Amino acid sequence: MENILQVKNLSKKFGGLIALNNVSFEVKKQEILGIIGPNGAGKSTLFKCITSIYKPSSGKVYFEGKDITYLPTYKKVKLGMAITHQIVKPLKELSVLENVMVGACYGKANLSLKEAKEKALEILDFLGLYDKKDLEAGKLNVPQKKRLEMARALAGKPDLIFLDEVLAGLNPAEVSKMLEVILKIREKGITILMIEHLMHAIMKISDRIIVLDHGQKIAEGTPKEIAKNEKVIEAYLGDPKFALKLVKH
Amino acid sequence: MKKYIALSLSLSLILTGCFNKKEESKTQSPQISKTEKASSKDYIVIGYTESKTGKLATESREQSQGLKLWAEDVNKNGGIYVKALGKKLKVKLISYDDESSKDRVQQLYTRLITEDKADFLISPYSSGLTASAAVVSEQYGKILIATGAASDKIFKKGYELVYQIYTPASRYLKDAIDLLKEKYPNVKKIAIVYENSNFAKSVANAAKKYAKDNGFKIVIFESYEPGTSDFTTLINKIKKSGAQAIIGGGHFTDGEALAKQINDSKLPLKMVAILVAPAIDKFKEIGDAALYVSGPSQWEPKVNYSPKTVSGTFFGISSKEFVKKYEEKYHEKPSYHAAGGYTAGLVLQKAIEDAASLDTQKVKQALDNMDIYTLFGHIRFEKAPYHGRQEGHKMVIVEWQKNPSLEKEIVYPKEAATNNYIPYDKKFKK
Amino acid sequence: MKKGLFSLLISTFIILYFLFLPIVKSSPILREASFTTLMYIGLAISLNILMGFTGYVSFGHVVFFGIGGYTTFTLLYYYNFPLILALLIAGILSALIAGLLGFVVLNLRGAYFAIATIGINEAVKALVNNLDFLGGAEGLFFNMKIYKAYGGPQNALWLSFYLIGLVTLIALIVSYFIKHSKFGLGLFSIREDEDAASTLGVNTKLFKTLTFMLSAFFPAIIGGIFFFKNGSIDPQSAFSLTKSVEMIFMVMLGGLGTILGPVLGAVTYDKIKEALLVSETFKNLHLTISGIILLLIVLFVPEGIVGFLRKKIKPLKNILD
Amino acid sequence: MAILEVKNLKAYYDEVQILWGVNFKVEKGSLTTILGPNGAGKTTTLKAIMGLLDKVEGEIIFEGENIKNLPPYKRVERGLVLVPEGRMIFPELTVLENLEIGAYTSKARKFAKKNLEHVFELFPRLKERIHQKAGTLSGGEQQMLAIGRGIMACPKLLILDEPSLGLAPKLVLSIFEIIKKLKEEGITLLLVEQNVHLALNIADYGYILENGKIVDEGDAKKLENDPKVLEAYLGI
Amino acid sequence: MSIYIDTLINGILIGLIYSLAAMGLALIWGVLKVINLSHGAFITLGMFFAYLVFKYFHIPPYISVFLALIVGFILGFISYFIALHRIVSKAKSFKEYELSSLLSTFSLSLIITGILLFIFATTPMAINLPLSLFQTKLLASIFSIIFTVALGLFLYKTYLGKAIRAVSQNIDAAKLMGINTTLVLAISFALGIALAMGAGNLIAMVFPFSSLSGASYELKSFIICVIGGLGNPIGTIIGGILLGLLENFFGLFFNQGFVPFIEFTILILLLLFKPKGLFGGSK
């Protein structure tokens, strides 16, 4: 299958701190690629470097074969990337509908205001936010805000969507509903890159998983391979042996 | 969209129309109301704005106090006799706050003319505001007596009905230069430092030209920003330039600071002539720093203008009487702003009496022909090309001297002098 | 009714009211009073385009008023340009300057942007103060002859009045169309969260700069008209920080980011001020009283008149904008 | 005896309800832990206890008294001390100044000198960097500083919010060793953690928080082998 | 040669006076993140305070400055609760906080200026001590250094001072340290106002003034804060001296009229490229 996104030796330094260290990977069209790792492992930084929210210190990003490393964020969005935020960023005083319309107007779809409204309503319906369309976005609760983030991203008709912890804070029922949504999005031909903490969810849904720790890629593979990987257990799940050490001490 | 605009357009037209109908009776054509009023008129209404707030508040208040004193005097005598009406009319002053800003001057003057039905107008304080007011007064055919406005530029505008009381800026420092030339033929190098403001700049430009024409060399010609309080650098520059006299200044605060700092520098100067500050009584608060500082003044409490001292027609009270009355009423010495305010009233009064009418054209005629002396000195207006600019009035030069306490003396011109000029550097020679 | 149209209607009505009342009554006093009101409305609408739609608070916006005033004045004074052309040039020049300034200054956010705009205003004022070509601190004065070309001062004042009404109306309509356009939606997303906006594909830098230019265009024309009418111009009155803050005050008073807000805010402010200025009891303390009123608004009705009405009167919630 | 008892705690951000009636107790001298997935409301619970939220309902009983309406600083004065998530050190203050600020309350000031020695004993690394600006410390050192600052406040109950967050495993280990030491010294502790194994290993008693409610509780040993824990935390 | 030395000395003295004026603004800006637009008005208030105390009680400004500090502190404390407390506790976002605080402090300035104008109009005032200008400048400069040292010691050596710095860096964490943040904010604002009034009090003995004099010191204070950064009083001193030297040397070689233009251009450039001050890191 063809690559949609290729990341080559991407690094990011903040002052003396190395947040990302030579990370390389590829994303295939229409795949769901999960990114996991402990807090502070550099997952969000990775997203932000790919989408130009941060300027990478070194490395390259290719989208559909083109070098887009230093394109500004909005141009990447226009090319077909869509971004959701870990800390949701609703446009608080705009209505839910208007929030989604921004995505439709300025994403790859580049719709007129009128078309955007239709598209936005369609997407809100798809994500079950239709009855909230006239509410101020700031008044939504956390799961609704997460769905709003998704809706805004989808409204731009992207080819590739970045989901940063969209499942966090959702209850199991909501999680499974959201997973269904994600799968449906993929069915539309959209590639998905997602950061997630909920292990069972990401295991279930991802085609492949990348594990980051301290800014480095420590593992890559299918969910099954990852679940067995010793390094991953140690870095991410908390090593049971450590715990034992403490007790005996 | 267009529909809505059209709709609201017509709606507002209808509404304004409605209001209009109700008040139609009030807005009769002006000619009719004028004659109607003329017979039933009890007051001569005089309108002006005062800067109660903003940066001109102090000077403006003094000017307004002078004007109010005049109105009081007139009304005590029963008013101004208007022959055409066959009776004396009292004077009614109406004023608003212009906040020292152009924003509302035109609005307030229009209000004075159309709503308060002012017969005559007095200018706000300062040339900038006067210029705004003049645009309005001129187009309504109202006479505006401009006091507190020394700019020449206003009178280049081709006004017909604006009359200036003050000596214009172009002649402000002329006398100081004359004095210098007369007394110290050896002095050749002059430094001109002035506040970068409307008034001071026009004075400085005129002084520069006049000094050059009289064979002086301008070694420094430099401005400083309004609000400047430290002049050390400028004085250092002057020191370097070898100037023998400093003329300049701007308003009171900077002038006072300038005088203080020149004093500290102990420069051997023949003359330190500063605008505004030395003419104001408060100047003596800086003590010995004020000694032998001179400056031009439109008018001084010490000047002695009375029917006995002048050769032409004298109108109104003598300057001594004015000082006395003013001090009684306001418990402070009158400044030239105050005298200017009083004089503005006097000039108007004289013109009305001469014209024997309140008709603008007749009063204009009287003003054009006016050639009188008042407590302020000589008053005569130019005809052309700068119609209305003051040409009769002369400045005086004051100097702070010690006899034995610090006092302001008039040193120039000779006719008005109360004492001789003493060179500035005398204070440093023991 | 489509959202916002109701507000546009009321706003248009208010502007037309102030425009036609003096005309119908042919009353100069009303014209003068309405001139100030319309000028304030126009300035408030212009600032609102920037401040209300993008959230950037310019404390030195009067700089464009001054630039426009000086451009118009110079063109008329030295080159005898026709007024309308001079005004258009003033607007365009001011917008271009805003474009250049905005390109760099709009990188600053919040209070730093506010301070920078104060700095720009003061720098320009200081520069003009020293340019003899522009009359320096003395300023420039028209000869009455200039008015002759417009049928004498009386007609010139009426002309200024029609023009200010027209410009204000155009500013209103432009601001309405911006607000309800795709562009406007982009601006509002910048106001809410600039970072989020750019991740949704909004070219924030371009949008901000364009808006800055637009919000500089109208004040310049208004400044041109104002100083034409006054017959003289000087740096102190052209670049007065007080007027800048008054503009902010009017926008806040009416309701930030709304269509009707700046109009209501300007009218209310102007009428309050007028009343204070001529009131016997308050005229000496009107500065203090405006201070107290401003403080009360900031503390207790930060959403302005329109926001307050929307909150308190339910039926207005969806139609008032 | 319970030093802290939380009864039916409800909390809101703006108008959104986050906590739906949380109940738990911390026994004096014990180490209690609250576990739960991201967004379950752990940090919100702690903020509510400390008085950092505007809208809170229910009872927060500390040493037998409801402190729900006290401002945060009064709670700290009584000995309720939180080492916040993300450390929240004062980056422009030196290490020493950070610690001194930790002992801001009048009671703590009296013991400042003694406590300072104690902190340096626990974290010799901090003593080496005593005059360095706290912002220049590494993540692990900052966490030590945050805990040290908590100790400076003379806590009767020390609450630790995710002390292992973003730390390398080795550092996580040493932080937990310190926590254990503190417990042995008799300080009552409330620990909120993602790292289930480590937390339950050193804790006496645990609560599982999910969607703003306590869904399970029990002895730490018992919880470790409880499938409910795994479900709530790992979602397995 | 002596001209250059004169200019250097004067530049430093004037610079110290400017930093004296800027100190309060820097403190409030640094701690509360509020650009106090009433700063100039309080400086003016300090000037009139000095004037009245001198006129009626014959206490010279270098003594009455201590009274001015006390009065300023009380006024500042009250002003905080009138104009800022509600905004600090109610603002929904930092953006809103910034805008509202700018406007509320501006309205404070309108109120104060309005009262001053009502009473004194714009009558120029001056306090004339039997001292030369150089002596008064020197005296004010010494106070500037004393204030800096005292403020530095207070901020760096006392518990309250450290608490103020802590609050300025992270207000939530400060709450967790047992700091009564409302009180600390009010005290910081009060201190800033006290410094503004103290500065005005001292400047009044050097230069003449009127009801509107504070404004120009306020603008200069902005520039100083941007040059020196907000971190500590030393930055303010250095910022002030640099400004003083710039003004004096520029004026010596070029037309002085251009000084404000240069100053504000520098302000804008610094904001763009070095918003944390010349000595802070880049943005």
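Which chain is which? They are A, B, C, D and E, in the order written, and residues in each are numbered from 1.
Simple rule for what comes next: a contact is a pair of C-beta atoms (placed from the backbone, for glycine too) under 8 Å apart; a residue touches a chain by one contact, two chains touch by 3 or more.
Treat the numbers as computed from the prediction; the structure is a model and nothing was measured.
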item	value
Shared chain contacts [chain C and chain E, defined touch]	B
From chain C, the most remote chain by mean C-alpha position	D
Chain pair that, of all pairs, has the most C-beta pairs in contact	B-C
Gap in Å, rounded to a whole number, between the CA centres of chain C and chain A	43
Centre distance in Å when chain A and chain E are each reduced to the mean of their C-alpha atoms	48
Chain A-chain B separation of Cα centroids, rounded to whole Å	74
Averaged-CA centre spacing for the pair chain E and chain D, given as whole angstrom	41
Residues of chain E whose C-beta touches two or more other chains	114, 117, 255, 257, 259-260
Multi-partner residues of chain D (at least 2 other chains)	none
For chain B, residues contacting two or more additional chains	52-53, 196, 223, 225
Partner chain A, residues of chain C touching it in the complex	180-182, 185-186, 188-189, 192-193, 195-204
Residues of chain E defined as touching chain C within the complex	33, 35, 82-83, 86-87, 94-96, 98-100, 102-104, 106-115, 117-118, 219, 222, 226, 255, 257-261, 264-265, 267-268, 271-272, 275
List of chain D residues in touch with chain E within their complex	50-52, 71-73, 76-77, 81-82, 84, 88-93, 97, 100-102, 104-105, 108-109, 149, 153
Chain E-touching residues of chain B, taken from the complex the two chains share	52-58, 61, 196, 222-225, 227-230, 232-234, 236-237, 239-240, 251-253, 256-257, 260-261, 264, 282, 285-287
Chain E-touching residues of chain C, taken from the complex the two chains share	55, 57, 59, 104-105, 107-108, 110-112, 114-116, 118-120, 122-123, 125-127, 129-130, 245, 248-249, 252, 284-292, 294-295, 298-299, 302
